[in-house]
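Below you'll find the structure, written out as structure tokens, and then a few comments.
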Amino acid sequence: MKFPIQQIAGLLQGEVVGDDTIVIDNLSTLENAKKGCISFLSNPKYENFIYQTKASAVIVKSDFMPAREIKPTLIRVKDPYLAFSILLEEYDKMMSYLKVGIEEPSFIGKGSVTGEEVYRGAFSYIGENVKIGKNVKIYPHVYVGDGVKIGDNTILNPGVKIYSNVQIGNNCHIHAGAIIGSDGFGFAPQKDGTYKKIPQLGNVILEDNVDIGANTVLDCATLESTIIKAGAKLDNLIQIAHNVVIGENTVIAGQAGISGSTKIGKNCVLAGQVGIAGHVDIADKVTIGAQAGITKSIPTEGQIVLGSPAIPVGDFRRVFIVFKKLPELQEKILKLEESVRNFQEG
Amino acid sequence: MKFPIQQIAGLLQGEVVGDDTIVIDNLSTLENAKKGCISFLSNPKYENFIYQTKASAVIVKSDFMPAREIKPTLIRVKDPYLAFSILLEEYDKMMSYLKVGIEEPSFIGKGSVTGEEVYRGAFSYIGENVKIGKNVKIYPHVYVGDGVKIGDNTILNPGVKIYSNVQIGNNCHIHAGAIIGSDGFGFAPQKDGTYKKIPQLGNVILEDNVDIGANTVLDCATLESTIIKAGAKLDNLIQIAHNVVIGENTVIAGQAGISGSTKIGKNCVLAGQVGIAGHVDIADKVTIGAQAGITKSIPTEGQIVLGSPAIPVGDFRRVFIVFKKLPELQEKILKLEESVRNFQEG
Amino acid sequence: MKFPIQQIAGLLQGEVVGDDTIVIDNLSTLENAKKGCISFLSNPKYENFIYQTKASAVIVKSDFMPAREIKPTLIRVKDPYLAFSILLEEYDKMMSYLKVGIEEPSFIGKGSVTGEEVYRGAFSYIGENVKIGKNVKIYPHVYVGDGVKIGDNTILNPGVKIYSNVQIGNNCHIHAGAIIGSDGFGFAPQKDGTYKKIPQLGNVILEDNVDIGANTVLDCATLESTIIKAGAKLDNLIQIAHNVVIGENTVIAGQAGISGSTKIGKNCVLAGQVGIAGHVDIADKVTIGAQAGITKSIPTEGQIVLGSPAIPVGDFRRVFIVFKKLPELQEKILKLEESVRNFQEG
């Protein structure tokens, strides 16, 4: 994809200074730019980069005056950082929805329908009675099981696997290798020490605007639905067990794990490698620090916790200061005991 | 799949009350049921749900008398919960083994054989000299390397990757994205600071009735076999390093990690995010709490441990109570020191 | 693959004793060997195994004299362990690069080129404008996005997914299910509580001799590059966030997670399940113990740390000894308080 600099300047309502015939094919920082890139200079601290950059164009402030000769074409705007952000988003949106049409070989079962502007990559597999909305992008090696429903503008990156009867909303983005709807981990212990599988016949529901990271796994519910509510964002390698509910706009960082039937409120933040036990309720706007272990419900909205098992973050910090001095404390106790013995003896 | 209500009643040895011509195509709770679903009412506490449910049929106790008008067809049985469980299992078994035959394109190398009732999904890949038993279900995007052996009734969900020479028993279920037999992580440090790979030529053996969760990884042994013994159940995103042995009927929850050459006994329970160091032996029936870190062998059968590094669970709980009060304890020590100083000075 | 025993003896500069017409097709320990295997006896402690082994050939010391009748052919060498290691490496190299040619169906987009001796497995997908060096092995179900560059002798195991514009060096080995270049986890909070995605347009660079474990995920940088430097070795199920830099010859064990923009020095060792916060710098040759949590930079070369949050390992051990005795310490403090009260009261 190549964009004339004039078109970009038009979008940003900026003024072109220099060669206005160039074309742009990528975005970059000043430092890392190559020929064909557009970059930006916002903080005057980094001005010297503009004299060395290989960028073909740079977005600058309206009042920027180069101190010496400069190679890239300039686009003068009011707020270069904002302009660059707008450009980034436009470029990202364009690139994300670039692919259209059907690559062969691909597989689609009977009774399945797809909307307009769909991309079905080579080696993608769609089962029977699947309903897929418009502008959905299904990359190579994606598997979509029987009876799945997918809304509009949703992206399934390469290798995503969607089990039967999962429901996915609009504007979702599922990254490569994510698994949606695998069997919940439910086994009933038998008298002879073996385990008998408890059938897992429910499904997973992703509401609108949900992002799921690469190689993350969401298990289906036993009978009902594991639910990820609208706007929730999940990072990579996360484990979501059966019957979990994640609230609206809750953000979960990489490698966190949520055990079965736990419900998490809306607008919560879970840091990396957090673990949450089963059948626990977490209130709205709770923040859970990295590697924390949650063993019981957190009913207080806005609570911030840390540690394993987790305690309020202020408590954790106060405790940890003393924890590090434990040998010293022990020493003090021994001395105190000696002093007291001396008193008692004499 | 649609089942006449009379057929279901026959299976459950129950009596049909109401419209006995309906057909059932799914199972659900009373609350979440749609048309076509069968549900159950066991606990009288939930009786009001039966008057609102959209279920087409409900399994009830033999002596259940509706307090008011009721829409669904009833099946009267002795124990509704047990009857529903039987139905769940039958349905699950039927659905799990529904797929039969070969979808194209699929790939099978020379010298490979499969038994009766096998399913090979589109884009599945079977290498050379592979032996696959009867009623095995190989979903789309599954890779089976050269020389692999798979027993009867085993299910490989979409995207499972089996490296060469892995052996898998009967009635195993491997969930989507699981990797069986990747190279063990063995590197010999060289004088110049680089690492030289130690070849990993062993394999992985899964005995009968083993379940492996989605995106879980089992490395092959260096020369011999990494072994998962009969009846062991592994959840999602678990890491099993080279030369590990997991005992019969041991259950491991999500995101646990077992380092190289560690041996775990039978009927153990490892909770989520547990980490176990290499070359460690764990006795039978040991329980390891969530996020615990095991750095040395646990030779005592039935031991329960918690913490990182882990200690016996009772000890951990007693220690943790004091841990949370550490700032208070420090305060007490300071006061004691002051008192003692006062005594000494006067 | 079958190798005449004479050929093996030639490679090892050893002397054949016994049947010199046999052929070898695998390597094993004495204990696990089957017919066709070659094994070795180095430690005299294990001599009795040589009389029971099913191996067809055994590498022994030049001066080894069997105490009783022996079935396998012997190869006498100076150092049996070294000889066996050489054999292992040769065998491993041969097996790793065995596959050559194109299996169908496979997909390659326009403008893409591959070097000599390339293997492209069935159902592998290569996008547009991809450059692949010689002797590269692309297994089934691998996805290589548009604009990717891959050096010589690199192996991509089944199901690996490489996003657009990723660069991979020579002699890299990426294990099954690994994801390279998925979007970094960047979202800007909006006033209404929702999150807006920050476009992730950078890439990932793997330098030469990098190993990436199964189902490990490496996110692309926001604008620049996430970089794994030459010789770094990453185990399975690791999370590498956007803009991370991993130094030369650094080794990271399974399930570790590195947050965004963190830089790790060279020749570091990170044990399993380690978590590192974002925007942190780790010096060269630092060792981080299993399950440790790193919340701030470690500027001291060669530092060894443990715990969450991590402290120097010696401190951690001293602290942990006292930690386990906390209830006892509390008891002592209560007694001291009583004694002091007694003094004060008279």
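By letter and in written order, the chains are A, B and C; residue numbering begins at 1 in each of them.
FYI, a residue touches a chain if its C-beta (ideal position, glycine included) is under 8 Å from a C-beta of that chain, and two chains touch if they have at least 3 such contacts.
As the structure is a prediction and not an experimental result, all values here were calculated from the model.
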(Q) Could you classify the subunit B-subunit C contact as same or different, where same means more than half of all interface residue numbers appear on both copies? (A) different
Q. Roughly how far apart in rotation are subunit A and subunit B when fitted on CA atoms, stated in degrees to the nearest 5?
A. 120
Q.
I'd like to verify one number: the distance from the centre of subunit B to the centre of subunit C, where each centre is the average of its C-alpha atoms, in whole angstrom.
A. 25
(Q) Multi-chain contacts only, two chains or more: what residues does subunit C have there? (A) 105, 123, 141, 159, 177, 215, 237, 255, 273, 291, 308, 323, 329, 333, 336, 340, 343
Q: Show which residues of subunit C lie in contact with subunit B when the two form their complex.
A: 26-29, 31-32, 88-89, 91-92, 95, 103, 105, 121-123, 139-141, 157-159, 173, 175-177, 209, 211, 213-215, 231, 233, 235-237, 248-249, 251, 253-255, 266-267, 272-273, 290-291, 308, 320, 323-324, 326-327, 329-330, 333, 336-337, 340, 343-344
Q: Spell out the part of subunit C that touches subunit A in their complex, as residue ranges.
A: 105, 107, 123, 125, 141, 143, 145, 159, 161, 163, 177, 179, 182-183, 185, 187, 193-195, 197-201, 215, 217, 219, 223-225, 237, 239, 241, 255, 257, 259, 273, 275, 277, 291, 293, 295, 308-309, 311, 315, 318-319, 321-323, 325, 329, 332-333, 336, 339-340, 343
